[in-house]
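Chain nomenclature is as follows: A, B, C and D, assigned in order of appearance, with residue numbering initiated at 1 for each chain independently.
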Amino acid sequence: MDTKTFIIAAVIKIALVVFIMLTGVAYTTWLERKLIGRIQNRWGPTRVGPFGLLQPLADGVKFILKEDLLPDYVHKGLFILAPMLALVMSLISIAVIPFGETITIAGHTTALQISGITHAGGGISDINIGLLIILGVTSIGVYGVALAGWSSNSKYSLLGSLRASAQMISYELALGLSLVGILLLSGTLSLREIVFSQSGNWVLGGHDTHVPHWFIFPQIVGFFIYLLAAYAETNRIPFDMPEAETELVAGYHTEYSSMKFAMFFMAEYVNMFTVACLATLLFFGGWHGPHLGFLPPIGQALLPVVYFAAKVFFFIFLYIWIRGTLPRFRYDQLMAFGWKFLLPLAIANIIVTSLIVAWGA
Amino acid sequence: MVPLSWYLILSGILFSLGVLGFLLKRNIITIFMSIELMLNAVNLSFVAFANYWHTHPVADKSIVPLSGQVFVFFVMVVAAAEAAVGLAIIIAVFRTRETLNVDRVNLLKL
Amino acid sequence: MVHQVLFIVFGLICVAGAINLLVQRHPISSALSLVVVMASLALIYLLLGAEFVAAIQVIVYAGAIMVLFVFVIMLLNAGAEERTRGSRMALIVGVPGVIILAGTVGWMLVSGSGRLGGVNLVGPSSFGETHAIARLLFKEFLLPFEITSVLILIAIMGAVVLGKREN
Amino acid sequence: MTKNLNLWVIPLLPLIGAAINGLFGRRFKNAMVSAVALLFTAASFGWAAWAVWTVWPGSGIALPHIETLGTWITAGTFSAPFGFYLDQLSMIMVLVVTGVGFLIHIYSVGYMAHEGGYYRFFAYLNLFMFFMLTLVLANNYLLMFVGWEGVGLASYLLIGFFFLKDSAADAGKKAFIVNRIGDFAFLIGMFLIIRHFGSLNYDAVFGKIAAGHFTPEAGWGIFTAIALCLMFGATGKSAQVPLYVWLPDAMEGPTPVSALIHAATMVTAGIYMIARSHAIFNLAPHALQIVAIIGCITAIFAATMGLAQTDIKRVLAYSTVSQLGYMFLACGVAAYSAGIFHLMTHAFFKALLFLGAGSVIHAVGGEQDMRRMGGLRKLIPVTFWVVTIATIAIAGIPPFAGFFSKDEILGAVFHSPYGGPVIWGIGVLTAGLTSFYMFRLWFMTFFGELKLGSVELGEEAHAAKAPAQAAHGAASHSHGHADDHSHGHGGVHESPWIMLAPLVILAVLSFVGGWVGVPQFMGGHNEIEQFLAPVMQSGPAVAGEAVSDKDATTSHAGEATPENTKEELFLAGTSVAAALIGLFFAYLFYYKSPELPDRITSKMHGIYMMVLHKYYVDEGYGAIFVKPLLALSTVVLWRGVDQGVIDGLVNGAGTASQGVGNELRQMQSGNIRSYAAWVAIGGAAIVAYMIWLGVTR
């Protein structure tokens, strides 16, 4: 693949993914409001469009048209930079996520992944350290929250951002360590190869168990650590201390309005998507699923994407479900949980996994 | 093809700027950041040399290929440890002296 | 060619960030300048083919250490730097010292650059691979590795002790 | 046939005792302290006796019996081992030291019962035993020197035992310093031995001499030098002219110490050393001559000084010096075995005399001035009788021990080319003087009437010890009293049996001790000389006049021709007559007509004062040596060198560094940025230096 094709393909892929992602985000808000409404025995949005389906568009228009307030005594540069940083960083991590194996359009075979490269020979390679890049970008994302709070020159914002950054640094550890088990099992940092290593079924004692070879089964502990840590990373209930309305008005984005607020909002939901994608890729076999031979070829081709989307949808649903179910932690409980429970548990998980891997080898 | 010396010069510039920062800045946190800058400058030359020895293999067994990258790793560990302890010290100093200006934290003398 | 251009671009960003670190009076601006320096250094590492190092550069330096700095700056609510004249020595002795240091080292490198070779953009090879580094780290450098883990542990405990409020 | 006797145990046992008492004795009861001290001393004596019994001539064990534990010092080709040497000479010495030492330990239990520092006393005493045994058992001069110095240390500690008294502390220092002078010469002698023999081991040194490595032309000068150095060392330890001055002052120590160290054992170390080195001395006729003259001078000199002393212990001290002079004289005429014989008998009777004197002092409550004594014969009969035996023995009246040994020496002197009739005459005169002052002591102490009421004396001592002591010291013209030994008993009383028992044993030995050396003309076999003969004849045949001397001394014992017998009888008779004359005059002056001495002293006032002041020797030494040395030290060494140069240098260095530091201190401003500046300029300097070195090329 020459450079021109590569650039064209990349641009197309980027545009497509960003579009899908932002649309997804918009409709996730709709989904969330609907579901929460149902959980709370309400209807949720119903007025705009059928089932309120146009509500996200209305919201978008509202964000764009509202006055973009810039309070006095804020650090202007950082105040503007912070939401952009948050959104950009959340979007960057999408770049390394593979949504499927490959797709062939008009004779061009390309990876269903922005950072995937198709070699001249037809082989596909993605970036070797995809997982590390996601972790790195996520950690950079903290700056958005931290700077937003600090630059607002408001005590609620500052407290919120202090909470947020402390929480994110703390849970980053557990998050990173929870994934080590996967790395030990798969032996690679490339997300694509991690998914490949989950193909097929588990074989125990020489015979097929008909259980898919997903890492959720050996890494159930790691999975739950990951899930909890990821919820904390994305500042979602039950770990949404940074924006706890009852305590801090709205936390770090108290002073934000209009599109800047929308950017934080989008960043949060994109992060939810990233977490959901990552959980799918790492623990649930990515785009692998039952082979359905009766579908037409186009269906066959899209099937992995559908599997992937379904799994991601499940995690998004889980997010919303938990939001509708669980109350918020107290802040000290949150820190104690992260440092005193999740972190030791993650280390224990690594030790046990590495012992098993070493024994198996 | 970029000459190795470019990397080293960049490293030297960054290091010198770090030293200058240490000399000229008054805020103890910024001074600390200058130290991190110096460490980063050194890391750059480590990586550059690692690459250099990778592309110019020598028979000398004492040069372990890639060891430059491993050293970067160690430098980072040390930097992390240093940051943790150093920032804790800064917080402790701030609690007692109510200032971050090193010119005002000068009691340790004869 | 691409290599050189990229190097120059990121190198200039690095230097600019470092200079900005010096010039800015507010510590948070300095911190962000340093983050920029580190990020562009990570990219330079990528140019050198050291992708693992680049990744941990971002994760550890930019994502952990610098966040810690920002966090502390926010916690202490540090204001802009005061312009005090606490040390004449720093100006009289230190700055000439730095200039001499930079000048001599620079002169050495420039005059000696002909004898040094160059570095290449490394394609997919074993150079920056995580496997290779891991193997080195857990074989040849196992003891230092373990010792650094002890160092980190001590640092954690030290930080906890120092940060604890006496009551 | 060799057998391991573990000779090292003999000196080690007292050391253990010393260590136990010295380290833990403070917490022990007195009974425990004495039990430890006596046990280890007795064990040492037992071991020594067993060892001697095992190697007794005829047992089949070759003598000398040498046991080497290991190397002590190695320097180049020279090496000194930890080795022990047992031959006839050291057998006698070790038995005398442990035996008499043990008896004196027993005595001390009673004598020191009421003194402070009881454990300290016994620790020192045991320490002394350790060093003395090391001295006599060593198989090389260096180890002997260790013992030599060690007994000096023990002596210093014990003289200064009552260290709260200035006079005792001063006497200790005097003894130590005077001994150092002799030790210096001894050291030089050892260096010469190393230089010329390459070893300090007895067997190596004497073996080389016996092998005839040295011809008169090649090396006799060096023998004279070595012998003179050793002799000078011996004059220090054995209190000979000119270094005798410390011994009378050493009486400041407790009386058992005077008996053990300053009469029976330590002071004889010089004699032992000369006898041990006889092979060297035999080859140095001039040195022998000097030894003889020094011994002779010391004997007569000290005897005259003893005449006028009124302090009972000082009389004995001068008597000791005088008797040591006899032994020196014996060595000087190459009659080593006679010297050792006298050493042994002297150890018995002089220890007995000191202990008896201690018993007397004990009885009268700390009084040492003989003028205040008198009539004690009835009050302390046991003491009286044992002192009587000892007095007769030292006076040289047969058949008591002193007669045989003294006669042996005088006979040898008469025949020796180094002696001759003149020196013999002086020896006989000394014998007479000895008899006189000893019986003077005897009469003054035990006859007549008690000058001071005993009750009054006791109370005085009890109520005000220190002033009384001071008054007594002034009255007796001495530097003070040796013992602070007033128990506060009422009345004169006999000593307890624990003190008397050793006295009785020593009295028996003083009586019979001489019988091992009955000369042949009296029908004896002179066993001691025959016993020692293998040691003393191990040297080579002495060339020239020394040969005839040897012939004379040995034939004196060997051939019993009638002519010889007559001559010997004449000599013996003369000395007995001298003793009896001395006895007569003492009787006349101090019993029959006690006013006579005062008349004589008033007539011969000048001489009397001179004798009383010990010929002003101490004052003379003070004027000739001490004052100039003190002045030199004060003006040149102290003010000039020490204060001017050394202190100047040190203080100058201090001031300079203070000044520099004061300037450099400015660098430490407390500001980390300035520190960083120094680091930066330092780094720049290093890089510049490296470029200058050419690292880049």
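Throughout what follows, a residue touches a chain if its C-beta (ideal position, glycine included) is under 8 Å from a C-beta of that chain, and two chains touch if they have at least 3 such contacts.
Bear in mind that the values here come from a model prediction, so they are computed numbers and not experimental data.
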Check: interface with higher C-beta contact count, A-C vs B-C, is B-C
With centres defined as the mean of Cα atoms, the chain at greatest distance from chain A is chain D
Ranking chains by how close their C-alpha centroid sits to the total C-alpha centroid puts first chain B
Distance between the CA centroids of chain A and chain C (whole Å) is 29
Distance between the CA centroids of chain B and chain C (whole Å) is 5
Per the C-alpha means, the centres of chain C and chain D lie apart by a whole-Å value of 83
Whole-Å distance, C-alpha centre of chain A to that of chain D, is 102
So chain C residues touching two or more other chains come to 52, 56, 64, 68, 73, 75, 86-87, 90-91, 94-95, 98, 101, 105, 112
Within chain D, the set of residues that touch 2 or more other chains is 669, 671, 673, 676-677, 680
In contact, pair by pair, are chains A-C, B-C, B-D, C-D
Interface with chain D, chain C side, in the complex: residues 86-98, 100-101, 104-105, 108, 111-112
Listed in rising order, the residues of chain C that touch chain A in the complex are 28, 32, 35, 39, 51-52, 55-56, 58-59, 62-64, 67-68, 70-71, 73-75, 77, 124, 129-130
Residue set of chain B touching chain D in the complex reads 19, 22-24, 26, 31, 102-103, 106-110
Note: in the complex, chain D contacts chain C through residues 667, 669, 671, 673-674, 676-678, 680-684, 687-688, 691, 696
In the complex, the residues of chain A that touch chain C are 75, 78, 125, 127-129, 132-133, 135-140, 142-143, 146-147, 149-150, 158, 161-162, 165-166, 168-169, 172, 176, 189
